[in-house]
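Both complexes below contain chain A, partnered by chain B and then by chain C.
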Partner chain A sequence: MASGQLVLTVLMGVFLVGVAAFLSRVEDWRSYTPLASGGGGGYGEAGAHVHREKPAGITRWLTTVDHKDIGILYGTYGVIAFAVGGLMAFLIRLQLVAPTGAVVGNEFYNAILTSHGITMLFLFGTPIIAAFSNYFIPLLIGADDMAFPRINAIAFWLLPPGALLIWAGFFLPGMSGAQTAWTMYTPLSVEQTNVGVDLMLLGLHLTGVSATMGAINFIATIFTERDDDVTWANLDIFSWTILTQSALILFAFPLLGSAIVMLLLDRNLATTFYAVGEGGGPMLWQHLFWFFGHPEVYILVLPPMGLVSYILPRFSGRKLFGFKFVVYSTLAIGVLSFGVWAHHMFTTGIDPRLRASFMAVSLAIAIPSAVKTFNWITTMWNGKVRLTTPMLFCIGFISNFILGGVTGVFLASVPVDQVLHDTYYVVGHFHYIVMGAIGFAIFAGVYFWFPIFTGRMYQRTLGKWHFWLSMIGTNVTFFAMLFLGYLGMPRRYATYDFNSAIAPLDMVTLMHQAASAGAILLLIGQLIFVWNILQSWLEAPKLEDADPWDLKETDQHGREFQWHERRTATALADGGEEEEAVTDGGEVVDDDADDTSDD
Partner chain B sequence: MSLADDTTEDHGDHGGHHLPAVEDWPRGFGEASWWPFITAVGAAGIYVAAALFVLGRAEDPLVGPMVGPAATVASIVLFLAGLYGWLYHAFVVNFWERGTDHHSAHTLRLAMICFLGSEVATFGAGFVYYFFIRAGAWPPENLPHLLGSLIVINTAILVLSSFTLHFGHVALRKGNRSRFLQWMAVTLTLGIVFIGGQVYEYYEFIVNEGFTLTEGAFGSAFYGLTGLHGLHVSLGAVLLGIVFVRALKGQYSAERHTSVSTASMYWHFVDVVWIFLVVVLYVGAEIGA
Partner chain C sequence: MEEQPGLSDQYRTASPWPLLVAVGFALSEVGVFLDIFPIAVGGILLLGGSVAGILGESGYTRRPWRTLAFLGVGFAVLGGALVATQLPGSSVGLLEIVGDPNGIVGRGLAVVVGGTMLVVAGAVSQAVGRTQGV
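Right, the complex of A and B next:
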């Protein structure tokens, strides 16, 4: 019946091509350019004249559909998740200072390891990016609000219950946190009888639904809500990265959702989706998970790249070098990131030809990443660099991203990966990116826009302490991990009491202790960050200057600061006399300002 | 209350600029609404209910076995109440004075396209599983008899419903409301008949042939995919039902038909998935066996 299958395949192909052709006709795709859609701005304007007071107290936050409020909600949520995930990480590092494990039992170690990964990726990473995109995308594209303000609110409110479900295993009696690692590989995750796993899977699915709703909203907003004078040609770089990210979310998260539902069914209703032997087996889970998982890492890194591309030129006094190529490389990464997933599976015994092709694409994806890196460096080259806190974090981002990216290229090469897979080298690689790059870009964004969020300025000395502690802490911790990988230390172990005759136990112990020492620096840095943000928000003097970074001078006064200026102008009309605020590098207000230009 | 009256007379004075849903709750704040919060709590409640259900099945259960199902019902009610409040205030209540807004029609259609894109991924994972086992040893031991008159008729019904829906939409755009209503009624009936056919097929398989969800690798694929599709058809029928009711109440016109077109995009999509599903899952399972 081979011919029968062939005929069927061809017919199906023709049918699908027909569907595609029909789709291309049914929608007038070009109508989404602002010129053709005519009343683009009019819609937003209509609402703008109406006064819009908000209810008071807690009701305001529960009922808000304003994108800026929702951005703040996302931000608060993300920071809380960051604190929870960070404390878990700290416990992990504490445990590993001694080969036999210093503080917790193995099971609990596994649970916090799993929860740390899930919390940081799904409860901190995606939401904190959504905080920035919610607050700023409408301002940057001149929209009145998101395309669907209420869907926006729903998407946020799905997150807190999601977090509770994910963490439920820890505090409900009779169960423990899931011990599956964030990758939830089967058959382990099918066979683990702990109900905490089911709750975590349900919570993950819920956060995935939230992310997908957000993505649809951002695509619709960026396509249809742009002001008349915001075209594709002058759309800012942050919006481009959010658009690409949303497209990735659109295909990645629902797929994970279905994979999770199948896992839940296997666990609870005796289906055979991932059953070893007759079902899809462990390989099915790995394919599905990484088809989501690799795009997920770019879902997390593209918007931070956008933040850096947006902020860095503003403290270099120059336009972003090769703007177009930064946009193209963003789109290229978006497309390629769906074609590299099997580089996480090089050691599973998949077909060597598959391995080779995935290696090729994985190496290729380094090219657009490198394009960006060179563009950032060139932007600073000969620029009037002002080393403000946000700029320091941008530069730290580049430095850490290079280390993370280069180690990624090594891992993408099959023979190297076969040695380093599932060692601490991998942990070092991705932490250079998720903490050293993504985290840093988030900090840069918080400091850069702090005047817009709060109308005040943070304390710059504390900001600098935060930067240097984070930078040194990151590099101590994660460089030690790279080295541990070379020493052959496997990842995810709760103890490492090897036979020192066959393993360099002293060296391994020392490196683990170094990593933990770095973690202490990181912890202190983040405490300073939280203190700085909270105290400055509550007590810092009001900023009267609506252009605290002196962006007008270099003609880089973006739409969000223009909006801020209009808002400040109206607010000042009803009298705001307070002491003069000190800016970080914008105007030199007092004489010990150390932010002079660097040449 | 009668929608038609409500929309034409009472709210006329809002005139040129008004907020999306002035009459909303809490009242008087165009920028605030309880509905998203309620909808989200309802939706999250469904997940919590699933969790309670799992908890109730554990060996040493934390909660009684009926807590889960009860919470499910309560959450769904809350969820639907939230959706109703939201959609009613945002789209239905002052349907006519919102003006013919081509812009927001575009936005809604684009959002529907994005949603359908995400649906491709949702279904994709299930199909990948099926391809995995299909590429392995085939046929499995207990492959039921899949291709019968029922599936042919049911497929024909669903495909036909896409056409009738399209005719209805065209009639509306030509301004022929009564024709539109007739085609909508036909489409809805066909959709419900299709769901009935699926239920009947499940009944046949489960009760008469003993082919169940836990019946091995193909059972998971079959019930997983047809179940997921069935959920989608049911949701599609609900959407068409809403459109139909609104149409009966006098809404929609040749210029104002956004939700008709988004609902039909969804319906056509579900139809296309079904064709793909029948070819690979029904025909494809038997053809090499």
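Right, the complex of A and C next:
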């Protein structure tokens, strides 16, 4: 123990010295550190460092505060998390092809199930949305950068330590992955003594802090940094959804953070916040968790809805139908989403009058969701629809969102929920939305803006393969899950070797195998996606056309593509510098912008 | 060198501090919560140092070393308060409790130590800077 402390101390010391060395290498911080300020006037010399380039190589990525670079960082991070979470999901599906469990033990199954959920929601979902918003919100509203570029970078850099902590249980000695499920219900999550749970909770806390910092930044940016000709009346739909999302984050995530801290205190310092009897009991955790948890699902779905509302009209040759109502419905969903959380608790024995009121609000939230759906459909109606890959993903989004939404409405009805709660029906419901809708909108965004990210075009045939494999895979996998729910299959089980007298075991097995078959299609599709993106980024020919989607023809050439056009024009005039199209590296920046005269 | 149409160049587009603030925050959180003394102290040093750095860089404060010392005072007071909650009201049990810290006292002490080191670092550097500057 003592030697362990010593080793840690030495490691920590070496690390800090390393940091100091890194700092003295990358930063001439006399340029802003009035170290000699006692003498007075020293600061004037610092202003002599006028021209300062963005550093090259890896240092550039470690130190960037440029919103586009940070967007790319978020994107890379999100894709890695998607791969990790996806492989976990695949392992889950592999396990369930046989009733007794095909590959892993029950404990490990519980651990990857937990980690899959948390990875997808917190390490993939929120960050990948932040990738788009960081890159495009400043461009769409005509801002120079985010309101607080450095806080923006801090928010991103909190995520890698968060991910390491969340996954730490799997690879640190003497620990195992948390087996709490993503909802971390007490008393289970208090009782598990595994330190992996503490690390996971700390990691979650970090990602929450990160999301909150990002949200504050977006609110400040959209309110204060808009160009003069960007008004509330002509603010684009994506920015509206990000603004609403940020407001939801601001109310939801700090609450999750506090609830997690209380859970950590219960686990480590013998407090009794959630203790049965003297504390708030298990219901307190459920209320706090779902007061965060339901808004969280809209935090995840609103920006993808914004992406679809933004991209779909551009391939329908028409403006978004009922733009105002799409905005209003976004705001309505934002408000209502805080009033429905107890629909996750219908079977906990809460007061029936409470249940009825939460049911009413939950059914009401379907109205603004339907408004959006009808607006998307009417936008395509009689339009000149071009079935490009991003458009296909938008249409797939609508289709899957309808299935996910309708099943949600059923679950919101108390009597139906009492039958289907905690079955695979719920799993099917939310996966139609998180994979079938949110995932699809993200893909649409990646393909639509690929020319801006890279200055190149993706391979169209591979894009189509990606779409069809994902669309069929999603529907096979998750429709089978809805059906499993009707068969009464409970969720989160590592095996299902039930007594065939009480369960239609053959049918259940068949449906599980169907779900796994769909997962194979999904996996192949995503491999194609990653290959397509990487190979096209590295090897596709440079795109000369700054308007690859012919948006000018229908007068839908948005601010981001106008910016792209200016950039392409400048780059070509300069002789087309190769790297420049990715993001603006190596630019010359005036250093004295934030200089102030000395006292 | 490409010009950035539509983008002002008023921001420096690189800063070493955000990464360090984030890592410092993560380390101090893990160290303090899990009661691992070296990580807690190191994390607080990194957090305090990088917060002072980023504030100085962005022009919110003009004397980073003094900021550093102030942050150190803040941490020391916080940690001290944590320790104080465990002191028996009447007797002078401080030494005993420091000699054999319980979970809360141990965590509080780590914060106090980290904070004190920041204060020392800030004060010394400020003094050195002053003598060199004159």
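Here, the second predicted complex is superposed on the first by the 522 of 599 C-alpha atoms of A that agree within 3 Å, B and C clash if a C-alpha of one lies under 4 Å from a C-alpha of the other, contacts with A are read in each partner's own complex, and residues count from 1 in each chain.
The rule is simple: a contact is a pair of C-beta atoms (placed from the backbone, for glycine too) under 8 Å apart; a residue touches a chain by one contact, two chains touch by 3 or more.
Only a predicted model underlies this, so the values are computations on that prediction, with no experimental measurement involved.
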**OP:** Please indicate which partner A:Ala220 is in contact with in the superposed arrangement: first for chain B, second for chain C, both, or neither.
**Re:** first
**OP:** Return first, second, both or neither, reflecting whether A:Trp563 touches chain B, chain C, both chains, or no partner chain.
**Re:** second
**OP:** Would you check which partner chain A:Ala275 touches, where first means chain B only, second means chain C only, and both and neither mean what they say?
**Re:** first
Subject >> Which of chain B and chain C A:Gly13 touches, first, second, both or neither >> reply: second
Original post:
Which of the two partners, first being chain B and second being chain C, lies in contact with A:Leu534: first, second, both, or neither?
Top reply: neither
Original post:
Of the partners chain B and chain C, which touch A:Asp144 in the superposed model: first, second, both, neither?
Top reply: second
Original post:
In the superposed arrangement, does A:Ala360 touch chain B (first), chain C (second), both or neither?
Top reply: neither
Original post:
So, A:Leu288: does it touch chain B (first), chain C (second), both, or neither?
Top reply: first
Original post:
Counting only touches as set out at the top, which of chain B and chain C does A:Met262 meet: first, second, both, neither?
Top reply: first
Original post:
What is the shared patch of chain A, the residues that chain B and chain C both contact?
Top reply: 5, 8, 11-12, 15-16, 19, 26-27, 32, 37-39, 42, 52, 54-55, 59-60, 62-66, 150-154, 156-158, 161-162, 165, 195, 198-199, 202, 205-206, 209, 268-269
**OP:** Spell out the part of chain A that touches chain C in their complex, as residue ranges.
**Re:** 5, 8-9, 11-13, 15-16, 19, 22-23, 26-27, 29, 32-39, 42, 52, 54-55, 59-60, 62-66, 69, 139, 142, 144-145, 149-154, 156-158, 161-162, 165, 195, 198-199, 202, 205-206, 209, 264, 268-269, 563, 566-567, 570-571, 574, 577, 580, 584, 586-591, 593-596, 598-599
Subject >> Residues of chain A that touch chain B when the two form their complex >> reply: 1-2, 4-5, 8, 11-12, 15-16, 19, 26-27, 31-32, 37-40, 42-43, 46-47, 49-50, 52-55, 59-60, 62-66, 147-148, 150-158, 161-162, 165, 168, 172-174, 195, 198-199, 202-203, 205-206, 209, 212, 215-217, 219-220, 223-225, 250-255, 257-259, 262, 265, 268-273, 275, 278-281, 283-284, 287-288
Original post:
Which chain B residues qualify as touching chain A in the complex?
Top reply: 16-20, 26, 29-37, 39-41, 43-45, 47-48, 50-51, 54-55, 57-58, 60, 62, 86, 90, 101-104, 106-107, 109-111, 113-115, 117-126, 128-129, 132-133, 140, 213-214, 216-217, 219-220, 223-224, 228, 265, 272, 275-276, 279-280, 283-284, 287-288
Original post:
So in the complex, which bits of chain C are touching chain A?
Top reply: 1-23, 25-27, 29-30, 33-39, 41-42, 45-46, 53-54, 56-59, 62-65, 103-104, 125, 129-130, 132-134
